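Alright, structures below, take your time with them.
After this come two complexes, each holding subunit A, first together with subunit B and then together with subunit C.
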Partner chain A sequence: MEKEKHLLELCNVSVGFPQKGKKMNPVTRGVSFYVREGEALGIVGESGSGKSVSMLACVGLLGGGGRVLEGNIRFLNGEDYIILNTMTQKELEAVRGDDIAMIFQEPMTSLNPVMTIGRQVEEMLLLHGDCPKEERKKRVLAMLSEVGLPDPQEIYGKYPHQLSGGMRQRAMIAMAMILRPKLLIADEPTTALDVTIQAKILELLKKFQKEYGTTIILISHDLGVIRSVCSRAVVMCGGKVVEQGDVGTLFEQPQMDYTKRLLAAALGKGSVLKKEPAVCRGEAIVCVRDYSVFYEEKLDGKKRKREVVKKVSFDLCAGETVGVVGESGCGKSTLAKALAGLNPLTSGSADISCENPQMVFQDPYGSLNPAKTIGWLMTEPLRLHHVGTKEEQRAAVCEMLEKVGLGREYYGRCPKTLSGGQRQRVAIAMAIMLKRPFLLLDEPVSALDVTVQEQILILLVKLQKEFGLTYLFISHDMNVIHRICDRVFVMYQGEIVESGDVDEVFRNPVHPYTKKLLGARL
Partner chain B sequence: MKQGRGQSNTKNWNMVIGIALVSVVLLFVVVGLFWTPYEPTAMSAALKNKPPSLLHPFGTDYMGRDILSRVMDGAGRTFLISIVTVAIGLTAGVLVGAFTGYYGGIVDEILMRLNDTLTSFPSILLAIVFVSLIGTGEYNIIAVLGVVFIPSFARVVRSEYIVQKELDYVRNARLLGAGNLRIMFVHILPNTRPILLSTITIGLNNAILAEAGMSYLSLGVQPPNASLGSMLSEAQTYLLSAPWFALAPGLMIVFTVLGFSMISENIGKKNG
Partner chain C sequence: MRYYIKKVISLIMVLFLIMLLTFIAFQVIPGDSALSRLGVDAEPEAVEALRESLGLNKSLPERFFSFLSGAVRGDFGNSYQYGKPVGELLSARLSVTVWLAVLSIFMIIAVSVPLGLVCSRKEGGVADRIITMVTQTLMAVPAFFLGIVITLIFGLVLEWFAPGAYIAPGEDFGGFLRYMIFPAVAIAVPKIAMTVKFLKTSVLRELKLDYVRTARSKGNSERAVLWRHVLKNALIPVITFMGMVIADVLAGSIVVEKVFNLPGIGRLLITAISNRDYPVVEAGVVYIGSVVLIVNFIVDLLYQKVDPRVRIK
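Entry: the complex of A and B
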């Protein structure tokens, strides 16, 4: 029996990067998987699992001195295999674009900011094969309309910064697909996009797979994304392939512990973390009435106030967790920042029963001062408010470090040496050092891997019980909201369009936008 | 693999050579503070323009003074001038840069246009103009060069503050109740350290060159005191008949400048 031929095969591939003073440091070890012609393969894993590196190795774009240490990457070219990892860059250039195309997570940085969209897509035709000028433009326009960009004529002459994130990603796909490559590698193509746009981009990928028989390798940390596009999936962890198989079997009957954990955390199958719902004892801790938040904008040299949050009103009771959900630009973060007092341009009233409410930010890499130690950072709120003597402050910080699950040995460490999850623990600890009862959480888990997300959510619930905290939890992720919140506000274009009990809203969404958000949930 | 290892090696060598060069100069300076083989200003008619010998390793100059002693003494003076100069420029520059970068607005506009005006002239030319206004001499040179150096520091610090003030950790500090001054100098300032370090080393270089230049034009350190620049200036006439006269102070300047450049480049790389 003849062996089945696969479009791309990785056999025992290890990729390494040079490390100071040592030999090559392998980041993936013995990775083997294949993709059949015309199928969609998903590669799942957390950051640092080696999923992107493996695919970059296939197209020879490793960078940073990285290279394939052992193993073969074979690509079916006609009847025979070519070995990609032994080819020179020159030879690879012919394969890239023609046979293998790639799209990346951040469409803004993968497009050249000083070239028009049309020119960039056309560049592909210029570099590969000869095509007369008029036909090139025709093909580009056809491609642009094929990826669903409205008014291709106009888009053709626009620059990347004039397009929205979703449109940019469509332009990227147009660039990748114009040569009809056999294989399209999509590296987290929808991670930077809002959920409703995400669904449309995935539809587009599916369309190409169906119509042109394009083989797709989709790299994502989001199992929902993988499930909606791919028929088979590879689970990677710590540079190794943990499990692979059909998406159906893999997701229904995962064999390995890691896959099970990933699934539990990601697919919203995770248990609802809040067991007993908070009972509203009548007294509101936060009382917001007709609250508007403005941004100052410069338009044609004139300063103008733009209303970002439009007359919202709500109450928060002590001890409850209220989610605010919506897409980027809907004003949810602006609302949180204004409530924290970071934006003075407001109207209406917001009565918060405690002084300076604290906030936890999305990006734990930016919210901790890199020049200070953890101990110094956590002592800062106490120092600023003259709480206790030096010894008492130190003791309080050490106690808090234990409470957030880090331990006192972290006192003298620098933020640089901590992982994202650990940093977020420190940020949370800093925010509750002053024991204020109200805490604003601005996408506190969005920048973290799913398993780490899980731990942070558990920590938040634990701390809430212990200190009787009230959370305003801002997120774009419906699953997370569902798991941790008592009530939810849905924000759309600066207004709260729907609010109510989480279970109730999830079961019977009323507003069309809420339905759309829930429908996009995979 | 080879490439990667090679890179890290050359980096380290740069640092080692840089530190070695600067240490040689520092050794001369430190010893010169306490002891020199001869009195740096002691003249002797019998010893005029003698080539290097055992008694006078670097030879003697046109007034019969021991060049080694004068280099040790003069390098110290040059060092002192450049360090104080950089300190003045750094302090004022950090203050100006921090306030303009942090607050922005009209004060930023005014101070930065002033800054632009200062930087639009070659600094040496500017220094000469100032010196002609307030007179020559060691202390005047320090004051003048210090002022001339402010813009370069202010600009670096300002751009760093503009970036840093938008970061979440600054927002966080504000939420905790930290005031503007505390945010500026306790929270943000330590984060400008890497970029300041490389600017300081480059600044020291420029200050040494500027001092040498000013003294060479006899606007700086006045005879009979020695500085590296004034020695070069005196040696100019004897370049052909007594080349060793220029050699010692010249080498000293080259060592220092090269050393500091190598160190600062390495600091920059490490942080970049």
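Entry: the complex of A and C
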């Protein structure tokens, strides 16, 4: 039997980056896997597992002085293999784009903001081969319509910021696929997109694989995404390959602990964390009636108010966790900000039994002032509201640090020395410092890896019990909502289109949009 | 279109405000222009007659109106010191200052863009370290000292030009330009140093962004990445900075004009101020104010051109 052909092979590859001084610090060790011609391979792992680094190493785009320390990366070119990691810059430039194309996670920042979409796609044709001018434009337009962009003529002359996230990613794909590369590396291509758009982008990738026999390597932290596209997968953790095999086998009978944990989180099989459902007794702690939130927009120099949240009404009981789910732009974050008093343009009424409800935000990197210590940040709410003396404040912060599982030694540390999960613990601790019974959580776990997500969710449940907190939990992730919430509101275009008990809504969704959201769960 | 009309209207309004403030400032300054011109010992009748002829007897609004209508036509009255119309004085000096500005701005752009790119192409490399060291030093050198050094080296040692022997553009335009190169260098060098540093920081910031990785993944060479993708993005903040530099250069440099014996705006103003030649000073303030405004206006338009994200539909 003829030996099956592998388009790309990584043999024992270690990648390192220079540390202070000149020593190379390896971030991946002995990574070996292959991809067959025409197949779709998934690489799964959490941030820092080395999945992106391994693929960037293949095309020599490591940056930051990183390089392949040992091992070989072989790529099938015609009948022979070429060794990618020993090629010169010039040779690699010929391979990039032409043989191996890439698409990235964030299509806004991955496209040049001052170049039109048309020119960015056309650049591929200019860089590889010589195609006459009229022909180039024709091919670009054909490609734009092939990736499902409406009105290619118009898109051709537009800039990235004028397109939506999904359209930008389609433009990225058009750029990557116009030369029909042998290998397409997609690095978290749908992570920044809404679930309903995510599914369409993945469909598009599958279509290209089928029609042109393009080999695809799909990097994702989300096993659900991998399962819907790939036939085989590699699981990476801590710079090493922990498990690989057919997606079916891998998903049915995971061998390694790490894979099992990933699977549990990704497929919504995670246990429901909240054991005792909250029982509504007596008065509602939050009472919202016909509540609208506006944004001021400037159009043609005229200020105009745009209604982002449209007349929503709901009650929250003490000790309850209520999820708000919906796509970006549906108004869920705007609602939370307004309830926290961060947007004064509202109408209707929102009676909250406590002053200054506190908020926890999505991005634990951006929301902590990097110039201050953890202790300073956490005492700030106490200082602002004149609670206790300096010593008392310090003692309260140390106690809270222990409650969120960090320990008092974190008092004098700076945010940048903390991991994402640790930072989110600080953000949560900061929000409950004032002991307000109502907490607004705006995508608190979306920026975190699944295993860290798990820990934060457990922490939230524990704190809720201990302090008798009520949560309004905003998320785009149906699985997370299912695991932690008692009730859920589904928001669509500023309105609550469906609400009810979580289990009930998940079992029998009524509104078509809720069905769509649940259907897109892969 | 509406956006541009609005911009022009606000430009005109700010210019009007500048004139109003200038006018008021010179009314508030103590001392009578007529008296200061004729001296304290002058006959009261003579002072009165001069006040009459200068129009100082009229009411404030009337005088402001005549000042304004004169300023719009470029007529600021006669200089007390030279007895000539201020417009004439200023425009003769202006050609020197403008040519000096044009030459130095050309030098700044032509030298700092390539240097900035070379620096950022290999951060920490030999070229980068040398250029950074040199620019750092040049930034700290005061303009008059640079002028003296240039005079010494190119004027006295190499004898490429005769120090102090300014040639008017009317006499020999080629000679004028040849002479102007040296003061232009004196003005340009510190600004080049600043621009290189600014551009380098900007390019390095851009190089870390995702779209650069995309550009590389398409098979662009490093040179193409820099020129085709990074440069335009990196220039966006530099445009603001260049606008400030250009306005500064157009306002005239007293020190450089003195060192090279140039009849420029800066020197005219400094003598006018010490001689209380108010019409000239007034005109000078209005000129500098207008230059800053107009340059800023052009910077705004350039922004629209370069960065589609701030473009108004």
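Here is the rule we use: the second predicted complex is superposed on the first by the 517 of 522 C-alpha atoms of A that agree within 3 Å, B and C clash if a C-alpha of one lies under 4 Å from a C-alpha of the other, contacts with A are read in each partner's own complex, and residues count from 1 in each chain.
By definition in this document, a contact is a pair of C-beta atoms (placed from the backbone, for glycine too) under 8 Å apart; a residue touches a chain by one contact, two chains touch by 3 or more.
Everything quoted here is computed from the prediction, not taken from an experiment.
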| item | value |
| --- | --- |
| Touching partner for A:175 - first (subunit B), second (subunit C), both, neither | second |
| Partner chain(s) touched by A:128 [first = subunit B, second = subunit C, both, neither] | second |
| Which of subunit B and subunit C A:110 touches, first, second, both or neither | second |
| A:298 touches, of subunit B and subunit C: first, second, both or neither? | neither |
| Touched partner set for A:507, first subunit B, second subunit C, both or neither | neither |
| Which of subunit B and subunit C A:97 touches, first, second, both or neither | second |
| Footprint of subunit A on subunit B - complex, ascending | 1, 3-5, 8, 167-169, 171-178, 182, 187, 190-191, 193 |
| Footprint of subunit A on subunit C - complex, ascending | 2, 6, 209-211, 213-222, 224, 228-229, 232-233, 236, 306-309 |
| Subunit B-touching residues of subunit A, taken from the complex the two chains share | 17-21, 23-24, 65, 67, 337, 340-342, 356-359, 361, 363, 366-372, 380-381, 384-385, 427, 430, 434 |
| Subunit A residues within the subunit C interface of the complex | 59, 61, 63, 89-90, 93-98, 101-102, 104, 106, 109-115, 123-124, 127-128, 159, 161-162, 172, 175, 300-301 |
